[in-house]
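Two complexes are shown next, each including chain A; its partner changes from chain B in the first to chain C in the second.
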Partner chain A sequence: MTPDPLNRLVAQLAKLPGIGEKTAQRLAFHILRAPGEYAAELSQAIREVKEKVHLCTRCFSLTDTELCGFCRDSKRDERTLCVVETFADLMALERTREFKGRYHVLHGVLSPLDGVGPEQLRIKELLERLGDGRVEELILATNPDVEGEATALYLTRLLKPMGLRVSRIAQGLPMGGDLEYADQATLAKALSARREL
Partner chain B sequence: MERFADEALVLSTVDYGEADRLVTLLTREHGKLTAFAAGARKSKRRFAGALEPYMRLRVQLVETRGSTVRLDSADIVAGYYTARAELSLIARALYAVELCRELTREHEPHPELFALLEDYLRRLDAKEAGPTSLLAFELAALAHAGLMPRFDACALCGGPPGERPRFDQSHGGAVCEACSGRAREAVVVPTELLSGLRALQEGVRQPLSPELRARARGVLNVFISHHLGRRLKSVDFMAQVGLD
Partner chain C sequence: MRLLSLQVRDFRNLSQVSLAPSEHATIAVGQNGQGKTNLLEALYLLATLKPLRAGRLSELVRWGTQSARVVGRFLLKGAEREIAVEVGGGVRQAFVDGKKAASLEDYFGGVSVVAFTPDDLEVVKGGPDARRTFLDRAVFNRFPAYLKESREYGRALKNRNRLLRAGPVEPAYLEAYDETLARAGARVYVRRRALMAELGPRARATFEAIGRTPEPAAYGYHPAHLGEVDFATADEATLAGALREALATRTRRDGERGFTSVGPHVDDVTVTLGKRSARAYASQGQQRALVLGWKIAEIENLEAALGFLPLLLLDDVSSELDPERNAYLMNYLSASGAQVFLTTTDGSLVRGAAAEDSLWLGVRAGEVTSAGAVLESSSV
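Coming up: the complex of A and B.
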């Protein structure tokens, strides 16, 4: 008979995405074998992430203060704003170390077949944010699928009349990629979006 | 397990589990099918870019024990990329695929509906299909599904709709003034609306005015919702972003 606390831990871990019963058991045994402070730190970290992490009041990324680090950083260029679907996309762009502007997280995309319209996204907040006139360029970095395109096109329709420069992230072949192995859709997009040298 | 090839239009997709995707396809020969695309979200090569709504594909499918089929491979025949570059075209294409998805049952072949949707998407991509063409497409799709609303005669007495016609979704179309007492949900509609919609049913490509289009949209929305038992989601999207 397995002790109840261990069963409960396995059951909770098995609810995590990508974790099956066997992996949950292995993780639970690892926690059991680890020094006492590891379990205490793990449980405290889980509690804190729920209690302290919330949305930034300006860009709607994640933060544990009122404004996130990106919005507080005075070295970042406030004239350029990159609009992303999720916080995970923001982190992916940050990993490039190329973008030095600020962000706005929509928390989703327009999805006509799922009934997701503009009111369910942080679009109203984006427009309010642009009211102070500091932003000059918006980079629309939604995914290159039909929902991401619809969102980018909808935002363009709203933002262009405001006199802002609106750009869309490029689509095409990945760096180091091989034409021979590229999929048809990406290759077609790469051809149509070719640039003159 | 039998393997077969077919042409397909992607109607919708939904994520399944960690890495897979369920794809609803309208195939030319086998009708609507739900296909299980293993690893579709993780693999960047196998189905990359192909499993997007309103892609036209050449697919290899494998029958399984249940009603779902397995998607082995998908080659893009037509991506309709122009129809993905304008919001109004995206909205109309998604409405068309949602309507076809809701009007059909799985494993029932609808080659005419496939041809109709394929032709509509091709014209949309060529920028030859405006808002009136969407109404014409809807009427033709409803006719294929056996739900053709009647605009040429009163649905109750069979007589002419008259000078003050009504439209009643539950009786399947126009209702004359004399019969309107038997059609409680009927709403008064202009005679030009009935003649305009009848012309579209007969294949006349005459653009309707914005006012008539708006009335036609309302009438068809009510008719489709009544017969499907729910309102199409992409209709709300079109209204929210101000498109028809």
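Coming up: the complex of A and C.
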């Protein structure tokens, strides 16, 4: 008979994505045996992430203050706004250290099949935000799949009449000469969108 | 490309089959319902990962067992590769040389197969969806990227239909999906058009040889309801624009019916004999000759494009053709040098495709045996 507290921990861990029953058990034993304050620190970190992290009231990325770091950073160019599906996408763009504008996180894409319409996304908030006239260009960085494409087209329809410059991130081959690993549809698209040098 | 060996376990009614096919013709003889077609179906699944007949994946697993497995060793571009497919629990998994194959496409590049079934022979006479499937199968074979492209179209279509059924939505939302659908649809148009441009003339020429008909055959693909656009020459962007327009003008009607009434998913392949619809006017023999012409054209076209012959699977086609056209097909198969798998209820019908190196199999109640005896009895 395993003690109930251990069973409870295993059950909770096994709910995590990508974690099966056995891995959950291993993690639970690890936590149990870990020296010092590890368990206390872990539980505190878990509690705090829920208590303190919330959505930025302007761009809807994650923050533990009212406005997120990207919105507060005065060195960032407020004239350019990059629209992404998720916070994970924002982090990916940040890793490039190329983009110096601001962000807006939609928290999803338009997907009738999944019952997600414009009102489920942070689109109204995006439009409100543009009301102050500071943003001049929008970069639509939704994924290059059906729903991402449709979302970008929808936003274009709303934003163009407002006199804003709207652009869509390019699609095609990944950098670094991985032609041989690209799938046929990507390659076919890259071929048909080739440009003259 | 050549199949060196084939193993089948618990696939439909086949519990265990292991065979080394002939370099040319492998002929499975048996009565109906014994499992001949299942053998071809296993091969088709191995080469395409798709079932040959419509239905659920679970139906492929032999009754009372957990999973089905098909393994083939292929000689592909000078190298031996083992490809395996397992079906179980409603999913299928492919393995290439024992490693899970992440994408279907890696695999399509190498193995290519053309199947020919009695259902195909009815395709001229039958409904438009059968003709679209027939066409799309040829497009998949010719352009591997089409798999993903047509799926994108399908997804955009489902989304738009759902939106139509949801009742009135703000116009910009529907327009965004119209545009997405139009772009994906334009891709499907140009793929199908490109295939027809290659295949049409070949199919016409083949029909001339077997049709015994003075009127020339024509195979065409002309999207319906696209408006003024000149389909033969328009570029992809123009086609996308035309489809978007067509979608927009039909929004109200589509909304009432709850589905999208224009686009590649409702198009048809037209087959004519001397400008008259073959569907309405051609005899049964002519209709089958028209399909035969198409299939042979598809094989030749693939050979020209790939540099090697695809694997050919013919399921009991001979009994449905008249003797002269059957003889033409058999001679074509034996002259082509292709690796062919044929099933028949009567061995004498496919004699013309056989040679000394042919492998004759007997199929009875899910058991496959090497079958000299079966041949003797059926060739009397």
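Annotations
The criterion applied here is as follows: the second predicted complex is superposed on the first by the 190 of 197 C-alpha atoms of A that agree within 3 Å, B and C clash if a C-alpha of one lies under 4 Å from a C-alpha of the other, contacts with A are read in each partner's own complex, and residues count from 1 in each chain.
What we mean here is this: a contact is a pair of C-beta atoms (placed from the backbone, for glycine too) under 8 Å apart; a residue touches a chain by one contact, two chains touch by 3 or more.
Since the model is a prediction, treat every value here as computed from it, not as a measurement.
The superposition on chain A brings chain B into a clash with chain C.
With both structures placed on the common chain, the touch criterion links A:39 to neither chain B nor chain C. Of the two partner chains placed by the overlay, chain B and chain C both lie in contact with A:112. Of the two partner chains placed around the shared chain by superposition, chain B and chain C are both touched by A:157.
In the superposed pair of complexes, A:185 makes contact with chain B and with chain C alike.
Judged by the touch definition given at the top, the superposed model places A:145 against both chain B and chain C. In the overlay built on the shared chain, the residue A:18 is in contact with chain B alone; chain C does not reach it. When both complexes are aligned on chain A, the segment of chain C among 20-28, 56-64, 74-82 or 290-298 whose C-alpha atoms clash with chain B is 56-64. In the superposition on chain A, the residues of chain A touched by chain B in one structure and by chain C in the other are 110, 112-113, 117-118, 145-146, 149-150, 153-154, 157, 183-185, 188, 192. Residues 110-113, 117-118, 145-147, 149-151, 153-154, 157-158, 183-185, 187-188, 192 of chain A are the ones touching chain C in the complex.
Across the complex, chain B meets chain A through its residues 12, 18, 44-45, 48-50, 52-55, 75-76, 79, 81, 84-87, 90-91, 94-95, 97-98, 233-234, 236-238, 240-241. Contacts from chain C toward chain A in the complex involve residues 103, 105, 108-109, 143-145, 147-149, 152, 155-156, 158-160, 162-163, 166, 169-170, 172-173, 175-177, 179-180, 183-184, 236.
Looking at the complex, you find that chain A touches chain B at residues 17-18, 110, 112-115, 117-119, 145-146, 149-150, 153-154, 157, 181, 183-186, 188-189, 192.
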